Every structure is written in structure tokens, then in C-alpha cells.
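My questions will all concern the structure given below.
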Amino acid sequence: MTGPLLSLENVSVRFPIGRRRHVTAVDGVSLDLLEGETLGLIGESGSGKSTVARAAMGLVPIADGTVRWRGEDVAGFGAKQRRTFSESVQMVFQDPHSALDPRRTILQSVREPLDVMGRGDKKDREAVAAKALEDVGLPSQMLKRYPHQLSGGQKQRANIARALVTDPKVLVCDESVAALDVALQAEILNLLQDLKKAYELTILFISHDLSVVSYLADRISVMYLGNIVENATTESLVQQSLHPYSEALLSAQPLVHDSSAGRRIVLKGDIPSPVSPPPGCRFNTRCQFAQEGCRQEKPELLEILPGHSSACLRVDELYGERIGRTVAS
Amino acid sequence: MTAVDTVNLAATVTTPTRRARKAGRFSVGVSYAILLLVLIVVLFAGILAPYDPNKQDLNAILLPMSGDHWLGTDDLGRDVFSRMLYGTRVSVLAALLAVGISVVIGLPLGIAAGWLSGATDLVVMRVVDAVMSFPAIVLAIGITATMGPDITTAMVSVGIVMSPAILRLARAQTMAIRSETYIEAAKSFGARGLRRMVLPHVLPNIIQPVLVQVAVLMGFALIAEASLSFLQLGVQPPTASWGAVLSRAYTFLDQAPMQIFIPGIAIAATVFAFNIIGDEIQRLLDPKRK
Amino acid sequence: MRILRVVGTCVVSAIPTLILATFIVFMLQRLIPGDPAVAIAGEYATPENLARIREDLGLNQPLWSQYLSWIGNAFTGDLGTSFQTGESISALVMQRLPLTLILTTMALFVAIIVGLPTGVIAAQKVDTSFDRFLTTGATFGIAIPNFWLGMMLIIVFALNLGWFPGPGGVSLQDDPAQALKGLVLPALALGLVGGAEICRQVRSAMVESLSTDYVRTHRAKGLSNRSIVWKHALKNSSLPFATIIGLQVSRLIGGAVVVEAVFGLSGIGSLAVEATNQRDYGVIQAVVFVAAVIVLLTNLIVDVSYRLLDPRIS
């Protein structure tokens, strides 16, 4: 088996806020994106999931850790490798409207990655762009229009087309359907499924919406306040979540939640500010199972079942029956 | 949007009454007419002028308005109407020069400061603060007086002292769009630098408010030309400009008071038109309008 | 002692601007075409003369040391001597400055009296034909060159009606009352145009302030429109007003230079014009310097009042 296509190792991202202070938006996150899979990254707003995507793309500077492309450190790339990397990893942004330059036509915007990379002559580039626009199901009379003349769904199709023109290996979708209404969400999700096959894509799909992620993803990582708290296959996560936070997210999703667990978890309050994260387990302020120990020791992400890891100090006590272990004492 | 929001918005985003809209359209129409007239005069002063603007006739000095000399003659017997026509060309070109200079200085530096931020921004804005701590016309007078009176020098100075207006605007606009997603998207596929980022994405998206400012500055530059030429720091004899005609006429205020009305009205009307058109562009660009 | 701390902060943050601004003034003499010494002494100056001038100006020293000695002298009140009359430039400026300051102050009052109420009323009646009338009037007011307005005022009120003295005022030292009377028309010429500017700026600040939730809450509470506009919204707009007034001082000082020439007043503006005609570069430089110092002081006051008015800035 070959290694992961794109991987993050202990990546941290910090943003300066005022004098000599900074906020840690992403705190030692590791992710492996395997060729051909769809990895879902889920979390509330403020969890740092979008920053993870930007760090992977090289759009924000990384304070710690390594991003690897086919096993090689991206930081050490020369101009040529960097270009290959940036051709291979493309992003579809959240807001389909603001992601398109209002002063450029759809065709110009979609063609632009090829212009920047200086591929072929203008005619070829236009042909590639037109092909991509056709693949995403945008009628050809839209090519000469400006973003404000298109509907939200059409704009997001154009954004996807722009991400496809370089023939990428990886598509990073950052909340790519969140700004659309439900009917359109389904349309775009199906489109992504189709394109994944046609273009042989690997997808990192970021969302706050578990039902969307579980529809698309093979595996899911759950983020909370800059940390990954649970990693599992979609099936395993939905069937037997091993973290109170994931359970809380699941219980808010009646359609996908297997209610046999019989436990309903309600999150209290808002996600704390990453400027002053709580000590110990980041989730302890809102976790109904939090104990004294949770406020002191920060749990590590440990593999509890094969391919299923969780970062919870009380995982044995809370989920002992699911994982076939009994409480130690 | 909920119903409550709609109600609130209706209370704040005001719509002009019909009479106000009509009055607004009227002044915009008048302004376009004035600017068109000015343009025609600038282009065809040579054809329209009945006399050579610099031809002296000492037998016909300080004549009142008449069929031969529509606006009379000045103290050297030159036809004031012809001098006003040629002066229009000189004044408008001078103002264009000044505004051009301020755009050439202000736009790139403003974009650079807004885009690069950090140290570049700090340095540029310090210099801008320093330039803005002079009353604009005083610094322009200082530069021109030192380098020697001359219309080109004068208007370049005016352009320099006006450039912070463009610079600050371009900077603010650039900072506002810097965090737009389409900029980040362009970065994500490697668009960088002048050719791939600034020219295709930044410039087209900040230019409209700059155009409004250009219209306003045209007005300012016309008044500055008149002021400097009035002080004899601008155009030099025998060249005519609005300020020069005014300056000459003022010396003979008691003999020919009518002659100072005309240049003043020409300046006021043109500056007014530029300001109204500036407001109009601003209004058309306002995203809240609809 | 919040005030002292605030003043201290503002002064410190104004220092870099002051240094750069004075450096610009200093660099003015570098713009003198050709050899400044020749430009000052004339083409037929003897070599000894030229050498003396170079020595006086410190032209033989490196730029930064020239600047340092110039700025040191400037702030101890030594702006050099006039090459035309041999007089101390500071004395010349100090003799002329009071008149310009009085003129500017009078004009500022006129501008505020005209601009503030009209701006507030226009904002209150925003988008009605009355608002349109006021704003169009203000736009026209801005378009009028202030020195031309001065000429018009002379024709009407001095030459025809004889209410005020015409051009060529009396000096402040000789007959203060008459001199002040002579300042009324120039102050009007400057202040009316300034008032038009203030009107437009106040209007947009007030329109913004009147559309805040805060004002809307007051409306919902049933406060009278008058109390909302003149008390709450106006108070809420005090920060933009400080900026507007600060800006206006700079504009008025610039305008005063030209208006003084029209009215034949002997302020620093006409001093600069005379100096230009006589190529008295030191005097020109001094006038630019003094104008900048006045504006910087005004900005300092605005900055301080900003911080004192706004509880969010500490």
C-alpha cells in the first residue's frame, strides 16, 4: 500500500493578535488523505477546520509541523515542485459568490488558474475551461456572464469548474455547500460524487454539517477548538462514536443517528474562544461527563479500535461496552 | 431576511421624495451640459475664438461688452472672450495634469501600502501624514515659489499635494478587498505579483471609488490653478487661463468690474459640475441603492 | 491625570510626522534651481560673497547635519535672516502671523455657524427637496473660489455699499478696531466656502449617526425628534466633527494666503507672495514651516479631544 497523498503532521497555525499575543487556531493536527478517498473534516465554526484546509493549501503560514505531498515536505519545494503541488491540490470555497471576482466573466475566472500556470496558448486554455464548465453542468451561454448574473448554485458550479481545470488530484472543499439551500446542496453533492469518479479525485470535505459529511465521506475527523478529537470511518463514527463531542453532534442529527445508544447529549453554551482555551481537555467546559481530571490533563488522540481513535480520558468508562472493555476499577 | 429586518431597513435606508429626485436629476443634467460645453471649448477654442487671444490693441483697451467684443477687452486691448476660450483649455489641461500626477503617485503607492501592509504601509502612511500636515495650497505655493513660477511646476506641485487623497482611498479600498475570497482563491492557484494579482484582481475592484475622487480633485485642481495663477505663480504672461484673466481683471476692478464675473462663474460652474458628477457616480456605485 | 497621559501619548505619536514634515520644509531649499547661493546672491555676486552664503546656509555640510542644525534653529525661533532686507525672518513672521490667525479664527467661526446647523438640518430632512436644496447649495458653495467670492464681496459691500473698507486694510498694530472691521469681508469669503464644506461633511456624519440602532432605540422610546437630533445624534457625531474642524483649519489657512492677497492684508500669506516676487527663499520656507506647525498643533488638539471624547480609546 502506498502512503498518503497529502498529509499533515502535527500542524499548528497561530495568528498574531495585537502585541506579542497570538491565538492558536490549529493545535498539532495530523491528518492523512489517502488516494481516492473522501475525508470529512467536521466541527463547529471556530473549531479551526477551515484553517486546516488553508494550511494544507499553503494559504496560511504554519507555525509548527509538516505538510507532506506524496511523502515529501512541502516547505522544501522548489518553484517547479510547488507549481505541481498547487496544480494538484485545488480548493472550492464556501461562499460561491465572493469566491468569484465580480469584475471577471465566468470563463475568465475559470480559465485563470491555467493563465497563471501559463499552460498552452489562450485558445487551448479556453477550451479546457469550457470543457470543465460543461462537466459541472453549466450551460455554455453562461461563459460570458458576470458572477452577479448567475444563481448561487451556478456560481458554485463555476467555482468547482475553476478547481478542476488544472486536472487536480485533490479537491479541498471548504464548506462548499453551506451557503446553498438544501435542494441545491444535494445537487452539488451529487455533482461532486460524479466528478470524483470522472476526474479520479481525492476529496477533503470540510463542513459543520454531519449529515452532509456522512453522505460523502469514507472517513471522518472531528475537530474541536483546534484539535482533532475523533478519527474513524464514517460507519464506525455513526454507529459507535467514542467521544462525547461527536456524540453530541450525532444526537443533533436525528436522521443518521443510531439512537440505540439511548443517550442524548446537549451541548452547553458556545465554543470557548481559542484565544484563551480551557486547560486540560478542550471540551471539558461543555462536556457533561467532565470530571476533575479532565480539567488538568489534556487527552491524546489514541487508537481505541482498529482505525478508530478518540481523544477522551474517560473513553473506557463511557464507552467500555462498545469497545469490549470493562472499566478498570 | 425576516419581516422585522425589512421594517427596520425601510426606516433607515431612505428613499428620496419624488421632488427631490427630480431636482437631483436636474442638477446632474445641468452638470453634464456644463462639462460638455467645457469639453467643446477645450477641443475647439481655436475655431470658436473670434480673435487671437494675445493680440494687443492699445486703441481698444478696457472696452465694455459689445457686439465686437462680447466680453469686452482687457487693459492691453485683448479680447476677453477669446482669452476665456483659450484660458479654458489651459486651465482644464492644467487641472488634468495635476490630477494625473496625483493618480500616478497615489494609486500605486496606495495599493502597495494596502496590499503589502506592515512596514511598507507604515512608511508610506507616515509620509502621507507629513504631506497632509501642510495646507495643500501653501505647500504648492512653497514648491512653486522656490522652483520658479511656471504653470507646469505649479500643477505638478498641486498634484503632489493632492496625491494623499487618492493614496488613502486606494489603500483603504485595497485593504477592504484584500480579505475577499476571490483574492484568496487567486492565491490558492498561485496568482501573485503585479501581472497576475494586482492588475487583474485588485485594480479593477478598487478603481470606481478612485474615479469619484478624481472628479472631486478636478474641481480642487481648477481652483488651485486659479489661485496660483492669481498669485502669478501659475501661467505666465501672455498665456491666458481662468486664473490669469481673473488676476488681470482684478487689477482694473474699478474700471471693468464685469470682467471678473466671467472667469469666476466659469470656475464655479465647472467645479460644481465635477462635484455633482462625482456625487452621482458615488450614488450609482452605492450597493445599498436598488 | 488622564488628560496629561492622553496629551503625552498624542505628542509622542505626532513626533515622527513632525520630523518628516519639517524635513519636507527643509528640502524645499534643495528645489532652488541651480546653485542656491547664486540664486540668492544674484549672478554678479563675488566669489567671496557666494562662499559666505554657502557657509551661512551650511551647504558644505552633509545633508543630515544641515537638517539638524536647521531644525534646531527653527525650534528655538531662529528661522534665519531675509536675504532681501537682512531682517530676522522670525520677527517678520511673528509680525504678520497674528493677522492670519485672527482671520482664520473668524473664518472658522463663520464656517461653523453656517455649516453646522445647515448640515444637521439637511441630515434631519435627508432626501427631501429641502435637503437637496441645501446640499446642492453647499456643492455650489464649495465650487466657488474663495478669493473670487472675496472680490464679489468687495464689489458689493466695499465699493458699492461702502459698509466695509476695501482692499488695503489697516495694520493690526495701528488701529485694531479698524483692522478687525477690515477682516470681516475676507473672513466671510473664507468662512462661507468653508461652511459649505462643513455642511456637507456634517450632513453625512449625521445621516450615519441617525441611522444607528442607538438612535432608533431613542425613537422607539418616544423621544422627540428634536431631542434625538440635536442632543443624542449630535453628541454621537462629536468625533467626526473634531476631524471636520481639524481639516477645515488646514483649508482655511491655505485659503487665507490667497484671500490676503485679494484684500491686501499683511498676514503671512501676503508675506509669502512678496517673498516669491523677491525670491526670498528663506521667508517662503518659513511661511510653509509655520503653516505646517499650526496644522500639526490643530491635529494634536483634535487627536487629544478624540481620545478624551471617545471612551473606547484609552
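To keep things simple, chains are lettered A, B and C as they appear, and every chain counts its residues starting from 1.
Assume a residue touches a chain if its C-beta (ideal position, glycine included) is under 8 Å from a C-beta of that chain, and two chains touch if they have at least 3 such contacts.
The model shown is predicted, which means the values in this text are computed figures rather than measured ones.
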{"item": "Centre-most chain [mean C-alpha coordinates]", "value": "B"}
{"item": "Label of the chain whose CA centroid is most distant from the centroid of chain C", "value": "A"}
{"item": "Chain centre separation in whole Å, for chain C relative to chain A (CA means)", "value": "57"}
{"item": "Separation of mean Cα positions, chain C and chain B [Å, integer]", "value": "21"}
{"item": "Chain centre separation in whole Å, for chain B relative to chain A (CA means)", "value": "51"}
{"item": "For chain C, residues that touch 2 or more chains besides their own", "value": "none"}
{"item": "Chain A residues within the chain B interface of the complex", "value": "57, 59, 82-83, 86-87, 90-91, 93-95, 98-104, 109, 112-113, 115-117, 159, 162, 166"}
{"item": "Touching residues on chain B, where the partner in the complex is chain C", "value": "8, 11-17, 19-20, 23-24, 27, 126-127, 129-139, 141-143, 145-149, 219, 223, 226-227, 230-233, 246, 250, 253-254, 257, 260, 263-264, 267-272, 275-276, 279"}
{"item": "Parts of chain B lying in touch with chain A, wherever the complex brings them together", "value": "180-182, 184-191, 196, 200-201, 204-205"}
{"item": "Complex contacts: residues of chain C adjacent to chain B", "value": "16-18, 20-21, 23-25, 28-29, 31-33, 126-129, 131-133, 136, 139-140, 142-145, 147-148, 151-152, 154-155, 159, 211, 216, 250-251, 253-255, 257-258, 261-262, 272-273, 275-277, 281, 284-285, 287-288, 291-292, 295-296, 299"}
